[in-house]
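The letters A, B, C and D name the chains in turn, as written, and every chain counts its residues from 1.
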Amino acid sequence: MTDAVRIDDASYETQRTAQERRKLLAPWILMLPALVIVLVFFGIPTVYMVRMSFNLHMDQRLYVPGFTFEHYVNLFSNPLFTNAILTTIKLALVASLATVVIGYAFALLVWLKPARWRLLFIGLALAPLLISEIAIIFGWWMFFPKNGLLSYGLLSAGLIHEKISLMYTEFAAFVGLVYVTLPYCFFILLSIFDGIDKRLLEASADLGASPLKTFREVMLPLTWTGILVAFSQSFIWTMGTYATPSALGPDTLWTMGFLIQEQMLGKHNWPMASALAVVLVIGVAAVMVVTRSMQSERTSFHV
Amino acid sequence: MTVSTALELRNVIRRFGTVVAVNDVSLNVSKGEFVTLLGPSGSGKTSTLRLVGGFENLDGGSILLNGQRIDHLPAYRRDTATIFQSGALFPHKTVAENVAYGLRMRNVPKDAIMKRISESLDIVRLKGFEARYPAQLSGGQKQRVALARSLAVRPAILLFDEPLSALDLSLRLQLRAEIKRLHDELKFTAIYVTHDQGEAMAMSSRVAVMNAGAIEQIDKPETVFHSPTSEFVYTFIGESCCLPVRVTSAGIEDKKGQAVGLRLGERLAEGECRIYVRPSRLRLISEAALLPNQLTARIHFIEFLGDLYRYHLKAGALELAADHAGSIGHGVGDEIEIGWRNEDMRVFR
Amino acid sequence: MSDVAPRGAEPLVLKVLALAFTVFIVGYILVPILVTVAMSFNDAAMIRFPINVWSMKWYADFFGSPQWMDALENSILIAIGTAAISTTSGVLCAWAFQRFHIPFRDMWYILIMMPLFMPGVVLGLGVAIAFGGISIGGYAFYGSRELVMLAHSLWAMPLVFMLMEATFKTIDYRIVEASYDLGGGPVRTFFEVVLPLVSTGIVSSLLFAFVISLNEFVMALFLTDRDTQTLPVLMWLSLRSAGTPRLAVASVILALTVFTCLTVIMLWYIRQLRKVAR
Amino acid sequence: MKKTFSLQKANRRNFLKGTALAVAMPAIIGRACVSTAKAAFEGESLIAVSWSGNYEQVFRETIINPFNAKYNTKAETVGGWDQIVSQIKAAPADNPPFDVTVAEEYISSSGLAENLYMKTDRSKIPNLEAVYPWFYETRPDKAKEYGIPFGGGTCMLLIRKNLGIAPDSWSLLWDERLAGKTTADSAAWWWTLSVPAVMSQLSPGLDEMYDMSTAEPLFQQLDKLKVAKWFKDGAEQANLLNQDEADAAMSYSSDAYTFMTQSPDEYTVAVPKEGASAWADWYFKVRGTKHNDLADLFMNYMLEKETQDRFLSQSLIFMARKDVTVPAHWNGYPKSNEDYHKMFQIITMDGWDKINANYQAYDDRMKQTIAKTSG
């Protein structure tokens, strides 16, 4: 081949810088479509919304351009809104807790069952994700009330003698909410379980630990971060959902999502609705930041 | 630089944070040469290989392949081919598709690809496996496909990244011989990374022993084995016993300051030093008496290794082991004489 | 000796518990689905149990109504578009996160995930106000299916991104390196090696995006016009007045659309699995 | 394939619009000439928003379909309610989501404040001559030039038949026999609030509703209700009744009509003797509509006697025309302009202006009532 090596430093440099520029640019080119969607179709409307939350609301108009903190002041002084914030957090907390418990048991069950059941269970867990929220509400609507399937079934079976109703109770709202968030929780936890060596259980049993003790001493510590992540995911999710609790729950279950909808559409008060949305989104972002930091801890723990 | 140089590393540096993984490494690989990078984990051998392959960025120095600078090129524009530890076959492609992959990327015409697939599979003795998926192959077969895949593109240099370490012993030996045979036949240029000195000795034209990111010694396997230039190389290649001693005017003491029955043929300078001997080169009892270096030690315990017995011995604070074919007629607790030749001993300060 | 007895008893208790839980969870998930399916065959106009006369009347009603059929067609078209847009953008973005060092990584991550947690009414109105008046090359954006697809992608894309970020972590990176090593450039490697390796993730992403779009109704309400109104929008509007079994039929049709896709994908996946696995 | 089809549709529509403008000029100037109008608007589309639910269905069957048959047009209707104003506002000014919208006083008021509607050229709607003056008498001047009155709806009292209680007074909602078995609207709470205002004869019309201080006693009256559950929309109301969760309801004309027709033996419905609060259904052209002339034609058609008769035959609302044929199911249909005044108390647009000035305070107070009255 070549007898002497010739290194053309200038051409090497240009090639190298071109290569490095390509390397620096590549991630941004890949991210471009997603960033366009987020920045343009989320960023701009968000800026509009933030701006909207400072507008005035008067004269029967949806909004009047102006600048006021009135809506934020109202948001944190009017008991209706402060209570709604508390209700939303409380509802999200309890529902996420229930979701995590059920989701954990479900994921554990699927993990322990032989593989041939697995696909079936996963299909089952996907169902609530795949069905429209309207259809889910509608389904529970026909199940809980006096002329619903539950009451009819129990009556036909002779277990009760008068029609019963669980409709429009906090219980019904929880049942609906958990139904909607369960799949997210389930899949997060299942992926955590899948990372655990099943032989650990045998090892623990071999060492004489009862199943309960094995659970407490082995399973719980191993899945703890997964539980936290699943919990915060459900929490974020339930914060924003409003249709299900409002359709199934009692009259006084006023959540932030419900009030946003009501202010925006029913009361034609866009600035107030925007202020509520801004606060909701900030809350969600805060939870996400915490979740994110927990997730990175988890990965570093695993590696 | 000569005509036959295939790969040249010049003062190559690679850092990970504050750790210097590759520290000023320079290396020439001639065409057709099989150079092994040998070293413990963390010695920088894999990093060096990945720098050549283009999977890591250089922090200093340069890399030349066939006289052209390549260190700025991405992996896919370098004429190198790596055989990965796990084989790294494409699981969704058949054996034939795996082998064809690199050729397709180089836009080789279709009929030429077909020809080369069959050639390459022939070479690694996997004819008839074309339609199988990697999941249907054994570990050894996977590695052979990986080899065929890399050979098919006829790279300027083949890079082996501990390709046998995931296999069991007998398979490892078998494949090792196979690679050796292929190299003899095809005369490809290769860098081979391993921590297994057996592999290094058996296959290499030259062995580069790496430690802490730098090449300690590079030479023919025999030279590296027989004439290690550093304490690290000596201890890393082959088995050795270390006798840490202090030489005083009165004689030789162990670390605790107790005199030990060590009699050396050559006089050592006073002060602390470490004397190394290999268990296979030690002679016991009667054989020992004729040799210039002798030590009286007590048998601590005895291991049976099949062909040999290994005697673990203690003399004061010194510990060493000696191999002997057959029994010597002494048991645990007995004091015996050990001896060795001058050329079988190394002293490092 | 003493620890033998509890060891024998506890698994039995656990077995019973596991069985009870299985029954519970299967029942829980299936109840609203079965109730809806049953109700869709109710002949009466009212939704209550018991169902005295069974018929396909409301199915005939649904398929006979051009309004509902158009809406179904719109829904499917928009869902396909959303799936395409959000899967492409989400997958590329997740790959960038996996493959490259990105400055302010967490900030971008949160930014990309944020829309997923925005109430639909806020997103819908926001997008409508911000983009309603814009037309590109004489083609009005407002009311176009494309705008709804993009709006739905605000929910679907983060989900795809999240899913794919996790999926990309599972691939053996050396296989990707092997492709580079054999001369496959980034683009060819991505299509020939990376995508096939994460095909399950891609298919799940497509499905999720499709489903999210198919079921979404609040954003669509603000962004569709006469020609592009979707099925859930119609359902939502009719749910606000008296509910009839037609709603149940619409729910069943929506769910059937999803399950058909799912079945096709499952079959494909199982075939794929047979091919690659031992 | 579908895609190209819809593109063709759009092109054809534009093409037709062009030709319609060119060919139909004389027809529009001449107006009311049916045969030319038929040619002029052939294939043109028009979207009218009607109330969601049964009203929408009746609207489609008795107005939209015959209209299309007569003029060969492609008019459609979609249901709407509280999102109407926001929907128009959010859409670009020159491309509204629909061309004609229904509006009662609240939607009229907030839509007019936002300039979302177009004035009506009375000369293009000759049928306005046959309309009860009541509709205009209950409107402020600022609104009279906009839209046309089509009819109106009213609050009604609905009671399950087997209880044997006739729905003859609003006070029944507070009756011990119905304690814990009633339901009323908590979303459009102003109708609920109007019930005690109708019952009290303290001030003319519903005037006591319009000031927080005079409304307080009305709220206190509501505090004494014993509801099974408040409803937020028609579907919830229907579900509460269908599921036996409630036996009596403060209902609305079109919902009540649905219950009556779907289960004629189950409920009895009436406007109680005190009269009832009511709203007028006006139809507005939406700003920026591209189907201006067709919308005029459509609005005039809505006021034709046959149209009004057809609609009335399938509903419980009251119509705008004086000369309609009253169906048998409508007991006590008002016969004169005075009857309209006596029977129906409108929450007026002026009233709405006052309520809206204090909306949040009303809403807060109503939420207190809801909190007090639910379990």
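By our rule, a residue touches a chain if its C-beta (ideal position, glycine included) is under 8 Å from a C-beta of that chain, and two chains touch if they have at least 3 such contacts.
Predicted, not measured: the structure shown is a model, and the values here were computed from it.
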Third chains touching both subunit D and subunit C
A
Determine the set of chains touching subunit A that also touch subunit B.
C
Subunit B to subunit D: how many Å between their CA centres?
89
Between subunit A and subunit D, tell me the centre distance in angstrom, where each centre is the average of that chain's C-alpha atoms.
39
Distance in whole angstrom between the CA centres of subunit B and subunit C is 54
Rounded to the nearest Å, the gap between Cα centres of subunit A and subunit C is 14
Going by the contact rule already set, what residues in subunit C reach two or more other chains?
47-48, 125, 129, 186, 239, 243
Return the residues of subunit A touching two or more other chains; collapse runs of consecutive numbers into ranges.
141, 147-148, 264-265, 270
In subunit D, which residues are in touch with two or more of the other chains?
83, 86, 239, 242-243
According to the definition of touch, which chains form touching pairs?
A-B, A-C, A-D, B-C, C-D
What part of subunit A is in contact with subunit B in the complex they form?
1-7, 12, 15-16, 19-20
Per the touch rule, the subunit B residues reaching subunit C in their complex are 53-55, 74-77, 80-82, 84-86, 88-92, 101-102, 105-106, 133, 135-136, 149-150, 153
Listed in rising order, the residues of subunit C that touch subunit D in the complex are 45-48, 67, 73, 77, 125, 128-129, 132-133, 140, 142-143, 221-222, 224-227, 229, 237-243
Touching residues of subunit D toward subunit A in the complex: what are they?
82-83, 85-86, 89, 109-110, 112-114, 186-188, 229-230, 232, 236, 239, 242-245, 352-353, 356-357, 359-360, 363-364, 367, 370-371, 374-375
Subunit A-facing residues of subunit B, complex:
1, 3, 8, 62, 64, 66-69, 72-74
